[in-house]
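Everything below concerns the one structure shown next.
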Amino acid sequence: MDVLFVQALINGLLLGGVYAAYSAGFSLIFGVMGVLNLAHGELVMLGAFIAYGLFELVHLDPYLSIPIAAVSLFLGGYAIQKFIINRVIEQPHLMSYILTFGLHLILANTAVKLWTHDFRTITTSYSGMNAAFWGLNIPYARLITFFLAVAVVIFLWLFLNRSETGRAIRATAQDKYAARLMGVNVREIYALTFGLGAAVTGMAGASLSPFTIIFPEMGLGYTVTAFCVVVLGGMGYMQGALYGGFALGVVQSLAAAYLSAGISVAVTFLLLFIMLVLRPTGLSGKGIAG
Amino acid sequence: MAVLACDQVLVRFGSLAAVNRVGFTLEDSEILGMIGPNGAGKTTLFDTIMGVRKPDAGRIRFLGKDITGWKPHRICRLGLAKASQIMKPFSSLTVFENVLVGAMHGGGLSLRQARIRTDELLDFVNLSEYAARPAGRVFVAARRRLELARALACGARVLLLDETMAGLNPSETETALTLLRRLRASGVSLIVVEHNMHAIMDISDRILVLNYGVKIAEDAPERVGNDPEVIRAYLGERISPSLREDDRD
Amino acid sequence: MKAQTARKRLLIWGVLTLLLCLFPAFVSSQYLLRIAALMVFWIGMAGSWNLMSGYTGYVDFGPVAYFGIGSYAAALVMTEGGGSFFLALPAAGCTAALVALLIGMPTLRLKGAYFAIATFAFAETMKQVTLEFDRTFGIFFFQGSHGITLPIAPYGNAFFLYCSLAVASLVLLAHHWIENSRFGYALKAVHEAEDTAELSGVNTFGVKLTAYAMSAFFLGVFGGIEAYWITYITPADVFSVHKTVQMVIMTLLGGMGTFLGPIVGAVFLTGVSEILGLTFVEYYLILVGMIIVGVILLLPRGIVGTWKERKRLRSL
């Protein structure tokens, strides 16, 4: 087989792993609460900045800041849902979209004011290292993120399906009125869900920091990609984040290899648009439709 | 010629036949009662007739025209309308405006003509005093009359009423039945779905019985009431034989 | 009562229009003229967005797509086609409306979030297409990130004030028509309870498509005006998501689905952004963000909507 093709494929899968890592949280939040979190990218950004900050200050390896990012973003997300988004949860969903968009504007621009537009990177001892064989090139950092993504999806699946709280979350997602009647504190569940989604996303952000450019406005691009991934895989369907991520990653990678880098972005949007129109439930058919 | 005719209508949900080759006719100025246990396919059948759902097989004819697969708004403009408690009203619009929409778009009237018609209809169903109130803030019995008025505003020759008497007390039910009789007298045919047996037996000229999507009877009320299969469908196997034994005594 | 409020509205707008027409005769400062023109421009833009998203409840997150299409259509008519500005404007509007009919057909079958994402995706796709089209197919048309330069307008800001005023008036006329017509009731019915509307004889799909195309037409025309006004357009500029943000927040603040809403929102926000000055872009956006959060939490119906609700409750 053509080495270029295989390399593009591998790049695509690794990229897909990255996509899946930070899209799973988005899917969870929409699937359970119907909230389209337009500030999603800012959660990634904050996770990345936490890793960056700790690296600069105490030379903490970015992978070790993953748990710290997870906890901080869990608390932040929990608070945001509990005190802000929960207020509009009984109103038409549209309100929550616009609300999260407002939060996006506040978070992104406050970050710019605090940390300036400057691009930042983290260079560790292993930053440039790849596994190289058969003419292929596999960066270690991306490989780790790939496994993290799979681990995150497995963890979410286990949590939702095997734990008491997870069951409560699923019940609330299916029918919040019935769940309420069964004694589930719906608002609390929503806060926990958002916290969980934010934590997972923050972890992804931290795990991206070794190989991604970090800057305050990076969020919007991630939010948009998360949309695409989740629509492709199926909204609200955890494994869908993996399928969608891989599908998108591979398509983009192949487009970039064989056409041009610029066209791959156009391809992404075209794909998203076509997907929404032809099959809103995603490739797996298990997503929530419009 | 029958005003409405369903011929071998089949509606499948996956491998389950919700409406299994059901056929019946509705005559001019007739009230056809439709009964059957929950899940028998009554609402699905209504949805199919109204074009909300496309049947997997079979044809539906209204005034001789084949309306199978038509979009609901075209069917409504032709003269077929549905009222049901599941249909949300236009909550922020007033009671008057709710009916107005039906008169203009279902009935094809201009704004001015529609206003006149709406006044007439609100009078007919006794809702004139609530005309200016937002539809979302009207009590149950009035809500039902509003649904009826809006359906009528579409210029309906045939009305499909899906449990529109649910939640009414006996005197409200009596008022509703009187209203339906007046409609029949004015040339409108009705298919009425209700769980209130007394009401159905009282008002229907004929009754259609569905069970598990299959038509098991289409006959006059007295005969349907004594049909063993109907009794079995409602009460189950174990009870019905003993009923027949009691009859013999 | 309805007819009375309608006439009052038209009177107020008529008086304002007259004042605005006379404005340039008394004011010679290009700066003030520009602000007035901008306010009217945004009243028109917010109003165009309101026609679709406010009245039908199908919130469009990609209106800038039609704005951009209009800009490019006008630019191409005036550069490649050698047409005049007054030809370019209707061309811009019609092109945008045609595209809207095409795009509306598949997307209007989607609900809520999916419609929002699809329209947003379309807008971003348009941006990418104009950026990459020439390079990918090796031709010279949109000119990608080089942008298109239009013939320089021999007019000052007063001209663009009049242009914006004319189109904004049309947009408001459309609002007025909607508030008092069969079509308007159809829109409201679709917004309130689409299934019931369909079963009441409203051609819900046709109604949505019409509103969408109408909105697109006006957005396209404004795109054309902007192109001529700033003389130089690029994809990043005319397809910028910031324009969508502006339209959304102005209409939201003023009150979605109302006649006065876009006016109130546009005037207020244009004023605020002038006071804050454009150098502090981040502060402006943070403020916009806070206004959005504040409006959603405290004033979900916008200024005008809440005022109308209070009035109605008082009269009960």
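Chains here go by letter, A, B and C, matching the order in which they are written, and residues are numbered from 1 within each.
To be clear about the criterion, contacts are C-beta pairs under 8 Å (C-beta built on N, C-alpha and C of every residue); 3 or more make two chains touch, one makes a residue touch a chain.
A quick note: this is a predicted structure, and the numbers were derived from the prediction, not measured.
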Heading the list of chain pairs by contact pairs is A-C
Chain centre (avg CA) closest to assembly CA average -> C
Just give me the whole-number Å value for how far the CA centre of chain A lies from that of chain C. 32
Approximately how many whole Å separate the CA-defined centres of chain A and chain B? 49
Counting in whole Å, what is the centre-to-centre distance of chain B and chain C, each centre being its mean C-alpha position? 44
Hey, which residues of chain C end up touching chain B in the complex? 181-182, 185-186, 188-189, 192-193, 195-205
Enumerate the contact residues on chain B facing chain C in the complex. 50, 52, 71-73, 76-77, 81-82, 87-93, 97, 100-102, 104-108, 110-111, 114, 150-151, 153-154
In the complex with chain A, residue positions of chain C that touch it: 57, 59, 106-107, 109-118, 121-122, 124-125, 128-129, 131-132, 135-136, 241, 245, 248, 252, 282-283, 285-286, 288-293, 296-297, 300
Mind listing the chain A positions that touch chain C in their complex? 30, 34, 36, 84, 87-88, 91-95, 97-99, 101-110, 112-113, 220, 224, 227-228, 231, 259-260, 262-263, 265-266, 269-270, 272-273, 276-277, 280, 289-290
